[in-house]
Amino acid sequence: MPKKRNKIEKHKEGTIILTDDSSIKMEVAIDDIKSGEDYEKSPVYIYHDWCKKCGICVAFCPTGALGRKPDGSPFVPHPEKCIHCEMCDRLCPDFAITGAKR
Amino acid sequence: MPKKRNKIEKHKEGTIILTDDSSIKMEVAIDDIKSGEDYEKSPVYIYHDWCKKCGICVAFCPTGALGRKPDGSPFVPHPEKCIHCEMCDRLCPDFAITGAKR
Amino acid sequence: MMTKAIFKKEIRFSGSGGQGLITAGIILARAAVIEKHRVTQTQTYGPESRGGASRADVIISNAEFYFPEATRFDVLITLTQEAYDRYSFNLKDNGILIADNTSVKNITLLDSEVYELPFADIAQQKLGSLLPTNIITLGFLVRITGVVSEASLKKAIRNFIRPQYVEMNLKAMKIGFKLADGYESDL
Amino acid sequence: MMTKAIFKKEIRFSGSGGQGLITAGIILARAAVIEKHRVTQTQTYGPESRGGASRADVIISNAEFYFPEATRFDVLITLTQEAYDRYSFNLKDNGILIADNTSVKNITLLDSEVYELPFADIAQQKLGSLLPTNIITLGFLVRITGVVSEASLKKAIRNFIRPQYVEMNLKAMKIGFKLADGYESDL
Amino acid sequence: MSKKNTIKKREPVLMQGNEAIARGALDAGVNFYAGYPITPSTEIAEIFSYELPRRGGKFIQMEDEIASISAIIGGSLAGAKTMTATSGPGFSLMQEGIGFAKMTETPCVVVNVMRGGPSTGLPTKPSQSDIMQARWGNHGDAPAIVLYPNSVMESYELSIRAVNLAEKYRTCVVLLSDEVLGHMRETVNLPDLSKIKIINRIKPTIPPEWYKHFPENPKYPMPMASFGEGYRFHVTGLSHDEKGFPTNKAKEISLMMERFRKKIEYYIKDIVQIESFFMEDAKIAIFAAGITARAAKEAVMKARKRGIKVGLLRPLTIWPFPDAAVKKYLGDKKAIIVPELNEGQLSLELKRVMGGIWNYEIRKTKNIVELHKNSGELITPEEIFRTIREVK
Amino acid sequence: MSKKNTIKKREPVLMQGNEAIARGALDAGVNFYAGYPITPSTEIAEIFSYELPRRGGKFIQMEDEIASISAIIGGSLAGAKTMTATSGPGFSLMQEGIGFAKMTETPCVVVNVMRGGPSTGLPTKPSQSDIMQARWGNHGDAPAIVLYPNSVMESYELSIRAVNLAEKYRTCVVLLSDEVLGHMRETVNLPDLSKIKIINRIKPTIPPEWYKHFPENPKYPMPMASFGEGYRFHVTGLSHDEKGFPTNKAKEISLMMERFRKKIEYYIKDIVQIESFFMEDAKIAIFAAGITARAAKEAVMKARKRGIKVGLLRPLTIWPFPDAAVKKYLGDKKAIIVPELNEGQLSLELKRVMGGIWNYEIRKTKNIVELHKNSGELITPEEIFRTIREVK
Amino acid sequence: MPKISQKAIHKYLRHDKNFPHVWCSGCSNGIVLGATIRAIAELGYKKDNIAMVSGIGCSSRMPVYVDFNTLHSLHGRAIAYATGIKIVKPEMKVIVITGDGDATAIGGNHFIHGARRNIDMTVILINNNIYGMTGGQYSPTTPYGDRSTTTPYGNIDPTFDICDLAIGAGATFVARTTAFHAIEAQSFIKQAFEHKGFSLVEIISACPVIYGRLNKKGDAPAMMKSMKENVLPIKTFEKLTDEQKKGKQKRGIFVNKIRPEYIEEYDKLVRSLQDEKGRE
Amino acid sequence: MPKISQKAIHKYLRHDKNFPHVWCSGCSNGIVLGATIRAIAELGYKKDNIAMVSGIGCSSRMPVYVDFNTLHSLHGRAIAYATGIKIVKPEMKVIVITGDGDATAIGGNHFIHGARRNIDMTVILINNNIYGMTGGQYSPTTPYGDRSTTTPYGNIDPTFDICDLAIGAGATFVARTTAFHAIEAQSFIKQAFEHKGFSLVEIISACPVIYGRLNKKGDAPAMMKSMKENVLPIKTFEKLTDEQKKGKQKRGIFVNKIRPEYIEEYDKLVRSLQDEKGRE
């Protein structure tokens, strides 16, 4: 079983900047999801608090909308490519991502 | 499991007479079988001490060599019919009969 | 044999598995219950659920008693020699022995009231089957000892035995009664 | 820090499952065995065989001792805030705290010798992986405390780690040494 | 504390011990039985298989004893009153499941009709050699409630009681019997159904959000929801908190362990039953349970007739062991005879308890006299009587 | 009677408790292991799976614990020295099989690395709550030999001893450990193989016709043939006669039961080991086993430094319980502290035994002081020390 | 297969239990949980009406996360517990979550008897080819030659084909898919729920942290890619030559038939007895 | 099939145990014992080299009567015990005698794992469709509708096809015949003995005293006649219409194939390790 994720979000690598950090508790998220900032901004919503950086969503996104940061966490380099197929939703073992159309 | 067979050999019925009563212990029987009296007399040898009168040998003797007494025990009314097929040997659950050729 | 005072009768049926000893015991016990007595009925038998040497005890009393197995028998029924050999020592001095001499050939008791009869043969002869031997013996026992009334015995048989076999068993009971009537110990 | 007199050091590595605490503990314990000390190494972790809060204890002494778990620590290593919060109370007054301040942000100890460094970040930076964090910390610990000799530590790493990973871990050890040398508590 | 008979009599019938257990359980409301046949308990299953479908209850023969205990725990969680019956070999196999029932505080009753052991042993002979196992057979350390009748009538009564206690204290209650008791027939007077005190588990009335399946305070009543009633609680064999969720926190675990202990300790007077038989003026005491107590009573009567002041103390509740009663009744006896169909089990407990009230005077005399038989035969009144005479 | 260390030391290494058990067993000649994984015992299986094929022995992972104990009994009958290892839940499942091994007098060793219970409990935490189960877990009534080390070195030694005793007395020996002991690493000095005393079962030399697999007289040596050696004996879990054939005869059964008892009673001195630690002049005694004894020793040392005369009596053999030693060493103590990782198990035995030598003077003072923890954490030296100060 | 939103899934989770859940990064258990919830949501089952029962194992940790009536029972015994629940409350939907070890090693007997008895329940068997929870010993499905902590030299123990076993035991709905085929998994689970009788859905899953590491199978995405390539629809599989079949498995619904369901049979019996009584 | 004389059979019996044996009059167990001994005699196996292991049940009483290395183990566990014996003494011929309850109820798990593991042993399963020893409760093979002491209203519990179960679990030799077909039984048993791996011979048998009586099947000869009529060779059976198949069963050898045998595989492993050592 995994260690509880320690948020070590500092990265020395160049171009990739972490923008979609979210620590909304899921209890809150259910009802308040729409008020979340990132949710409005991106077609794909990632709950980093639950994400375990397994890379599955990135690996199986059919369009390449998703990318992976050096620490393994997913992000959305190409929001425009998302076709809302929800593959990421279904394959994420941690209920930590949704590409559903809103 | 069966009661130990009590030899109740008195019969009030008419015609059938019990001739092949044998109480040779099987330990003895193995080596001394040929010296047994009945063994010489009949093509079929029945060890009454072990026989539980189930009737299987009689039911499946293909030639009718065997018959059943009122108390259920088998006997050999028609020794001449025996073809030494050993069906009785094989189907007797109690190793209590042999029709083997000697 | 019954008195109105406190009484306690210990009865053992003994023989081998399949002879219907337990059935006989249960019927006797039920008859005693009909008469509002205190009753226990116990049994032993061989490994797992069938076979081997077997016995059934019935204790009947009009007062409280505790130990459920018969230890000193007022009546001992033996249907096999083995059972006789094993249990005859614990028959009370004034006890009653009922033995099936089809199998019990060697009886050494002197002091007791001894009844020997070829119950099994009689069953085979009169009813064409060994099965009712137990009830014949039971009928015999009841008439000889009066430990329960014959009406109660009849009622118990009717209640306990499956309908289709009741007739035959009542017949067996009556044979038992008759044997008791006609018993002469020299026979 | 080592004396020739009787000594006993209780060292606790604490953090969470998967941080290699037990490995660090075992290597330290093995190094101490090489030096012919008496050693115990124990650990706790979460349900069934993995995960959750975790700790590894090493007790090293040149004399007989009995209880195998550290109770009052001479050295406490904390790689998570949770571990720090839980165990810092049992650090001896003159004990040494080594904390990974990548995670442990809130340190309240005043009396003790406190070393804070972002071990995990350093591992990631210098070795491209979080895995050797444990060995960096261990190297740091050994050079700071001298509880075992560096030669023994090296030998223990060589003996315990699978061949293909030995190089990387020796590198990590050396990074730990260097960090100890250059440590300034204000950083 | 002494034996109460709250049951009013009606017409006497001849009944077998195993049947009485089944009838008692049915009258107590058992509506689900899962079991696997084994001599000498099988009649219990047979009666349930006949009765339950007629009463709208459920009977199932499972593939083994492990499945049987599992099924009745599952059934109990779903709201049924449940029972299974077995004998030594099956009882051994059920231990893991019994521990689970205790851990999850799920009511159920396991009947063990004891036969000769060890191992396959003597399937058709009586013994009392699973008394210790009934307390200590499962791993971990959880208290047990174990009852042991000594007559057919009492088999009926204690069967009801076992079901009641299981429901009341939310635990797996073990009902012991033995081959002789299970198979013997005896006159019984079953009470009117209306006269029988039936305890049903208390249902929670609070809203589901507030519901705790394992409230900290083990005070009766301890409401228990069933599956499908809107409470949606979690049940696990892992150490858990009040809500039933796994925990590793020492404090929560201690609370849990305490609850197991306290819910029995608090109510020990309600749980423990003993019979005192001619004990008032007794100088010598017999301590015996189950079928052996029957021989003991006969022996007491015989001895009393001869002027020997002897009595019998009989636990109907074997576990928790009736420490207090034993101290009270046996503390001052010259000798205590402990006849058992095993190698000495109750006698061990007696020694433990007697230690605490040991009397210097007495320790010089004979005290605990053990009488063991483990060969498949009963200890007879005669044998006990002989011992009484010896220690007199 | 006190602990002997017949083993000569060589180079020290760091070894885990579970590994030490496996190494001990391998050195004692165990050549067949069948098991089913369970935390915290699994390392034992893992080491056997690695070592046995290299040594020409056999390792098999069975489908469950019942199959595991069955396979090792079968393997033992076929002539191997056998072991299995498990923890609480698996130990519960093995009880029927353990009873069979005792009944058929088939040597084998079952290791139980105790974890928190009841039920699934605390898989990664230590406990000592299966001590009673190790004695009473199986149905029927057959004595048990149960050992419990308190260090990694002793895990090695007692593992050898368990195998030796199993072979010598032809029974299932239980080796207890606990999660901390099983997983801790410690400096050990394994002896030279040549220095280890290995006991192999004695083979019969008489002609097969004379051979009795269960001779009436349980005197050592008790020759035991294996399958395939020309003796063609019969083995059954039914009560049996000397030849192993089923019997219902009370006399033969009594002989069999007696044999089980006597073969341990006769040799109790050979079987029982206890450690006496600063007991000579102690006024206060601690009675503790296994991992808890480690804390106790630390506490003794601490108390002695402060001038408190306290000592530790530690059973290495838990069953048969060392009655005689307990009486001898603890009879005159002012107080006996019994720390245990359970709800009080050893303390029950202590009370039982102390009863018999109870001293009128002493009973007025504090005597047996129990210290229980059942939350998955160890009892610390500090806690014991505090208790020592309280009772002082 | 309608899409069930992530948001909807959260309605079924027990947020009072700490998420993220206990499973390792990349473990398929979460995917199966998702597929299961989606199937339930699709069918509109009431939470109160669902009993989810598991044994012991990583996979068996599932019930604690979902807001149903949940029972985390004993290792191997889930089906037996579930049988008790179902027979007492036939109106409940009973779901068993189990692992390859839980269901087919220690629990093998209950598994085959469940299949034989045809009592209405759905068994979702997460087959990761290893004992995950105890740290990686071989299970009855660990492939030949593979490493586990108790097969240091490679496994020689033959494997069960779990679906074949269930079929041999008489199961009436038997399907296999993988965690990668999450949509198919959802569909099979849904069909299994709707099936009257004992239904089995075996889901081949990735345990990257134990099995994957021991056998150098790469990370979770790599293991899932391998499922995609090697676990083929029945028809595709059957077309392969024997040589090509090596290392490949079939997925699909192998059996879907109707046999009398146990509880219905029981009810029939009860009714017949009541009729009889009525006549008396 | 050479005839083995009754006299020869006696050489294998333990006359020190009281004969007549404990089985009821007409019970098929004795016939199976005879067929087994005949097969052994035919193959000339040494008595010392045979281990006969059973569980608990009427059928499982067999070992006590024969002069081999005999083990009457625990209910359901015979195959697990046998596994231990075989793996320790691979040179021994290991025979398991078991009943329908022993092998497929409580012992179901060991049965399927034995079949999977393919360890060399022969299981002779005497299927009398009932628990004989305990007086007649239903077993997993009691036919639908039949009476037993725990199905007073007729059985509703579905049955195993034991051979299908074994096949599903991976058994490499699976055959069925009846006690009536004693010659065939002897032949199947012999072939099973010669088979390398796990072999199963299911023998349908008559329990006239319990099962027969409860179900009015007549006496032993009547029950055996019914075997003759209703248990048909595979080919004959397959030719029947579905209607005709009702109440009928097939007999014959269903599977006879070779898979690596467990102990051979183990030995290979051991040898490979020794080679490795040699090279070191």
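Each chain carries a letter (A, B, C, D, E, F, G and H) given by its place in the written order, and its residues are counted from 1.
Basically, contacts are C-beta pairs under 8 Å (C-beta built on N, C-alpha and C of every residue); 3 or more make two chains touch, one makes a residue touch a chain.
All of these numbers come straight from a predicted model, not from anything done at the bench.
Within the contact network of the assembly, the step distance from subunit B to subunit G comes to 2. Among the chain pairings, E-F comes first (most C-beta pairs in contact).
With centres set at the average Cα position, the gap from subunit A to subunit F is 54 Å.
Distance between subunit B and subunit H, defined via averaged C-alpha coordinates, is recorded as 28 Å. Remark: subunit C and subunit D have CA centroids separated by 85 Å (rounded to whole angstrom). We define each chain's centre as the mean of its Cα atoms; on that basis subunit D and subunit F are separated by 36 Å. Within subunit A, contacts with two or more other chains are made by residues 1-2, 4. Listed for subunit H are residues 22, 24, 56, 72, 74, 105-106, 108-109, 113, 133-135, 140, 153, 157, 266, 269, 273, each touching two or more other chains. Those residues of subunit D in touch with two or more other chains are numbered 46-52. Interface residues of subunit F, counted against subunit G in their complex, comprise 36-39, 42, 45-46, 49-50, 53, 59, 61, 63-65, 89, 119-120.
Residue ranges on subunit H touching subunit G, taken from their complex, read 105-109, 112-113, 116-118, 140, 153-154, 156-161, 164-170, 259-260, 262, 265-266, 268-269, 272-273.
Against subunit C, in their complex, subunit E makes its touches with residues 12-14, 39, 42, 122-125, 180, 183-187, 291, 294-295, 297-298, 301, 378, 380-382.
Taken together, the subunit B residues at the contact with subunit H in this complex read 1-2, 4-5, 26-27, 29-30, 33, 49-56, 58-60, 86, 89-98, 100.
Residues 66, 88-89, 91-93, 95-96, 99-100, 102-104, 114, 116-123, 125, 127, 129-130, 132-133, 135-143, 236-239, 248, 250-251, 253-254, 257, 260-261, 342-343, 345, 348-349, 351-356, 358, 360, 363, 374-377 of subunit E touch subunit F in their complex.
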